Structures are given as structure tokens and as C-alpha cells.
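In what comes next, chain A is part of two complexes: it sits with chain B in the first one and with chain C in the second one.
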Partner chain A sequence: MSFWRAIAAAALLATGPALLAGEILPDARRSGYSFMGPDTRAMQDDDTSNPGMLFVLDGEALWTKRTGSADKACADCHGDARGSMKGVAARYPAFDKALARPVTLDQRINLCRSNHQQAPALPYESRDLLALSAFVAHQSRGVAITAGDDPQLKPFVDQGRDLFMQREGQLNLACTNCHDDNFNKRLAGAPITQGQPTGYPLYRLEWQTLGSLERRLRSCMTGVRAQAYDFGAPELVALELYLMSRAHGLPMETPAVRP
Partner chain B sequence: MAALINVPTKARRGEIIEIRTLTSHIMETGFRHTADGALVPRDIITSFTCRYNGTEIFRADLFPAIAANPYLSFFTVAKESGKFEFEWIGDNGYSSSASASITVE
Partner chain C sequence: MARALVHIAALIAASVAGAANADELVPYNIVSDGIAESLTGAPGDAARGRALVLARTTTCILCHSGPFPETRFQGDLAPDLSGAGNRWTVSQLRLRLVDAARFNPETIMPSYYRTDHLVRVGRNFAGKPILSAAEIEDIVAFLATLRD
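Right after this comes the complex of A and B.
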């Protein structure tokens, strides 16, 4: 009798509060940076050898450039980005009251363009949009990620978590199968990371350019032979939001360099 | 186009200094095809030069298969205070330049 009671007590202790099987404990969260080799780390650490900084420079120029029929620049409303944009990217995707759903930083930039600058939206993954979001996110470098803390985002974080746990594609794999259960191992020659989105938009050596988290997610989906969601799809935004909330507390690195 | 230059602002006379340059360029090889089979025309930087107070101290020829946003690092001897001028020349009349100053004591 006492034997069974001991097993029941042990089982209760083992199941942590609100943690699904395989989820990474807050203390064990690691940026993709810690999975890289010394050369790639050095490339990211030195701002004069980090190619992502080229985009940040372009973004800085765009920040003060007037555009659209309102003939306004970002700086005309937001002033000096070093102050006004500090910490902003660390809480994105954020809830938009008018749309009643979360929007990504890229979507926020385009909302600003259409609502305040009366300028056409920049296409996803275009150089100008990446440059602007890199410049804005760079102001949060070192700031701890807090995205998903807003209680209004709860259903969307949950939706993202469901998608993260959902098997899909011809290989029938969920994100969690690699990034929760098998990080620190290798897939072919490449290390499997925890998939913490700390440095987006980031410079990926394989892409030879800067790319967004959505581009990264879409290439993972193609990798498991699933139909990738379109850029800006609500599912992709929910996944992005869950990933950011999963990286809670890790410092922003934008623009990161990854192999 | 944007360029990132790293030259020490101060150096002792005769000191060996490292110069690092990074510039923005797509470096399209000219060997790739689009989804519908059309060849993407070559668009690369073909030449880089560095002048130290007007004297050429370093030159490099670049070719297809060099990665986008080429990074070049080289060494020189700090002889006198002055200016380093960098120039990138490429396909389709591409030309870009940057400069950096150094104080030699």
C-alpha cells in the first residue's frame, strides 16, 4: 500500500505545472548562438564583420526617409529610434486592438506605412522591409524577450503551441519532435537547436542574405514535406508568437548570424 | 551601397595594422536559372582596391562563387597619418567607395 502511495507521489512530483511533455524548462533555454562554431560566433559578435549590420545601416537610412502621399518618415512620429524603439521587438508579435489579432513587426511596419504614411505595403522578404525591421529590432539587442505576456494573446499563444505540437507533412514530424526532444543532436551535419527565435531578422549564411522568422519556419515546413503557410498567414503569426513566448527571458541578438 | 570598414583610428609608426572591409552586394554568379528556366545574368563585384594616401596598397579580383556581401581583410604598415580609400567595381557599371582616416604617432 505504502509502495503504491510512493509511486503516486513520485508521479505527481515529476509532472511539473502546466508543462507539456518534452517542453524545455526556462533555465535550460539556449539561443541558437550557443550551438554555433567559434567562427560563426565571431562573425556575429563583431559589428564590422556581421553582414546583418549592412541591413541595419540601410534601415537607419530608411527610418529618416520621407515616403508615401503623407510625405512622412518613421522618424517624424517616432523620433530617434535608439530611444523610441528600444525593447519594442522583444514584445512582438503584439496584439493589435483594431484587428483583434496579433501582428508581427513586419506587419506593424506595413500597417504604419498604410495608415500613417499612405504608402504601399512593402512585400514580405523585400530588402527594404527586412532592413527596417532589422534596424528596429537591433535597438532591442540585449533586451529580454517578453512577447506573449499580454493576456489578450493567450488564445493565440495556445494556437501556436498546438501547431508546434502538431505532426505534419509526409515525414509526419512536429516542430517539437526535433526542437524539444532532440536538440543538441545532429541532423546530417548540422546541429539541431532549440529553435529559439532570438535574433530575427537574421543573416543566414545558407541564404546569403537577411531573412525573417517566417522564412525560416517555411523552410522547416518544406523540410518535413508539408505545405508551408503563406507569409503573414494567421497560423504562421501564431507559431511565431508561441516561439517568442517560448524564448521568454532570452536576450535579443538582432541581427544574428546563423549557418 | 552600405559598407562597413574597420581601420584602427590610431597606430604607432611602423606598426602592422589589420584592415577589414565588408560591403553589400548580391554577387549573383550567372550560373543560376529561374524556376521557368531563364538564366539569371551575372552581377558581381569584379575588383576591389585600397589606396593609402593615394598609393595603391591592396588590390583583389573577385569572381563568381564568392559569397554575397564580400568580406576582405588584409594588413599594411602604418607609415603616416592620412586616409584609406576603398573602391569596389563590378558588373553593370557598379561602383561604390568608402574611406577611413588614421592617425599615426
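Right after this comes the complex of A and C.
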């Protein structure tokens, strides 16, 4: 090994989170996009055919709409989202000092609604919340994921990893059994991916609508006949955080399209 | 063996209480690497077993493929079931379905007739095995016919 390569390797070891056996190596990480057929890829790539872009446009309209008893719009405080929101979604879930725990992008948006707009929280999976979160996350399209780097998040990343490795449900399967050990294989004929969270909220053809990462995780849990965690549950946030840290370096794709 | 005894104890306790619980597992005896006796005391029906293996809700073809020309929806996480009847005895096939972890503790194949040592089982499935004793017998009968 050359001197420079040794230094590069040492630097990588020093900065990258330590991998456990079975976890996917950084340069082997692949977005779900790379597992899709050409038609679905083309649909994601072309903004005029990507159905997720309709939600992004709705979110853009909501961004400038005054609401709540504070009669403030997101834009009144955050200005042009193309600047202020660039890269934000790539580091969510992020640690919230006041709550002393990580919050998801959806939760952050609702905190702004209740704390800064004096408006009621938007329900999970409601069209407005998905639209706002798609609009905000879209500003990070192409930005490398860094969520989980904050050392305060470590215990929560660890909790998420434990949940990812834990067998559960009547079928007794862990996330890792499919998404670390068997990606590239076929479950009843459909390709299993690495379960990378790069494109959320995203348009799933099977759902015929946009959906959050939490919706996806809940359906994987239901698939193994486990009792899914409620939307916003600390366990679901921890899983989401672990998934984002596991996707470290992959570019954001919001709004992605998936079969 | 120890587990089979526990099942017997549970069954006796239930019958003493007088309430027959439909979800209760019937006791079975593991002898070497198999369960020699039918869980229902009767042979299964291979035709019903084939239909069960093909049903998505039974979950086999999520992972396995087999001699099923009528469906494209087959998995490749596990060996093709063709020839399973050559490779395994009926007694081994029965234990494999009841509790595949007995053959390989790390296996991803679910234990179809076991309700203990599971985590966060969904409300609608809690306390129930994935398959009934009769369904296990039907599938065992079908697998035994899969000869090359």
C-alpha cells in the first residue's frame, strides 16, 4: 500500500462510523434507483413525468401561504427555500436541543407550525405535510446525506441499528435479513434493494401516491407480521436515523419514484 | 424434546381448565432430526398442500421457487423446492416446517408451528402459529411428492 493510500484509509477509518459484520461497505451502497427498470428510472428523472413533482409544487405554494394565529408563512422567516433549505433534509433526523432527542423533517415542520405559526400540527401522511416535506427535501436533491454525524445522536443511531438487526413479527425476520444479506435477490419475483432512504417522501406506484419513509417502514414491519410502530414513535425515528446514517454519502433524490 | 414436553404440559393444563383453545399447539415428539408422527394423526392431502405452498399468504414462494409453471412470483432467497422429497424424509420435512431453526439456528426460514421466542408479533397474529397442524400435514404430503 502506498503512503498516501494508507493515510486515506486511516482517515476513512477515523471519520466513518464503525461498521458491524453484515453491514454494507460505503462504496457498495446503492440507492433503490439502481435496482429499477428503465421506465421507472425515466419517470423519476423527468420532472414533467415524475408524479412527485406535483406535491413539490403544492409544497411551494404552501411555503408562501400565511397560516395560524401568527399569520406567518414559512417564507416570512426562511425566505427563498432554494437557499435556506438546501442541504437541510440531508441531515435529518437532527438533534433537537429543547426536546433532547432527534426529530424528523416532518416533526420539524410541525414544530415550526406549532411554535412559530401557532397553527395546529398537520397529521402524518396528510397531503399538506407530504407536500411541505417534499418541497423542503427537494431543495437537497443531489446533496450527499450526512444525517447522524452529530455526536449527540450516537445513542439514537445505535438504538436504530439494534432495531434494524432485531428479528420480529410472526415471520421472525429482521430488516438486516432482507436489506443487508439478500439485496439483489428476489422476494416473490420482486427485487429486494438495500432499503436506502434517499428519496423520501417518494411516489410509489404501488401506493398511487406520495408517502413518507415512516409509511414504508411500517409496511415492511406489517409484511413480517410485526406490530408496526406508530407514526412519530421514538423507535421509528431511531430506525429512520440509522437508515440515513447507513446511507451516508448517497445523494438525496426527493421526490424519488419507486415501483 | 424439552419443548415437546412443555407443550404437553400446557395442553394438559388447558384441558384441566376445561377450555379447548383452538390456537393451542398440538404436542409433538422430535426424534433425532425429525418428527415421525403426523401432527393430526392422519396423513395430509398433497393437492391441498400444493395449493397452500402456492398461496402468497402461506409465504413459501416469497423465498422459494419450485415446479410451479403457473406463477412468475417465485423467490430466490432459498433453494428450489424441486426434488425436496428426494433430499429429505417425511419426518425431516415435518420438523423443517414446524421449526426450521432446529436445522440451522441462523436460518431466515420462519418456524411455521411455533409461537414462543418471537418479538412484537402483530396483534392479529399474536399467539397463533403461521400454519395449523392440518396445513403442515398437507404441505408435508405435497413436498414428499417432489421427486426428480
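Going forward, the second predicted complex is superposed on the first by the 241 of 259 C-alpha atoms of A that agree within 3 Å, B and C clash if a C-alpha of one lies under 4 Å from a C-alpha of the other, contacts with A are read in each partner's own complex, and residues count from 1 in each chain.
As a convention for this text, a residue touches a chain if its C-beta (ideal position, glycine included) is under 8 Å from a C-beta of that chain, and two chains touch if they have at least 3 such contacts.
Not measured: the values here are computed from a predicted model.
Novice: Mind working out whether A:Q227 is in touch with chain B, chain C, both or neither, as first, second, both or neither?
Specialist: Once the two structures are laid over each other on A, A:Q227 reaches chain C alone.
Novice: Thinking of the overlay built on chain A, is A:S219 touched by chain B (first), by chain C (second), by both, or by neither?
Specialist: Touch partners of A:S219: none, neither chain B nor chain C.
Novice: Who touches more of chain A, chain B or chain C?
Specialist: C
Novice: Once the structures are superposed on A, label A:D58 by its partner contacts, choosing first (chain B), second (chain C), both or neither.
Specialist: Once the two structures are laid over each other on A, A:D58 reaches chain B alone.
Novice: Going by the contact rule set out at the top, does A:G189 touch chain B (first), chain C (second), both, or neither?
Specialist: So A:G189 only meets chain C here.
Novice: Can A:L173 be said to touch chain B (first), chain C (second), both, or neither?
Specialist: second
Novice: Which partner does A:S84 contact after superposing on A: first (chain B), second (chain C), both, neither?
Specialist: neither
Novice: Considering the complex alone, what residue numbers of chain A touch chain C?
Specialist: 166-173, 177, 181-182, 185-189, 221-222, 225-228
Novice: So in the complex, the part of chain C that touches chain A is made up of which residues?
Specialist: Spelled out, the residues of chain C in touch with chain A are 56, 59, 61-63, 72-77, 108, 110-111, 118-125, 128, 130.
Novice: What does chain A use to touch chain B in their complex?
Specialist: Within the complex, chain A touches chain B at residues 46-49, 51, 53-54, 57-58, 205, 208-209.
Novice: Taking the complex as given, what residues does chain B use to touch chain A?
Specialist: My answer: residues 2-6, 20, 22-24, 26-27, 67-69, 71.
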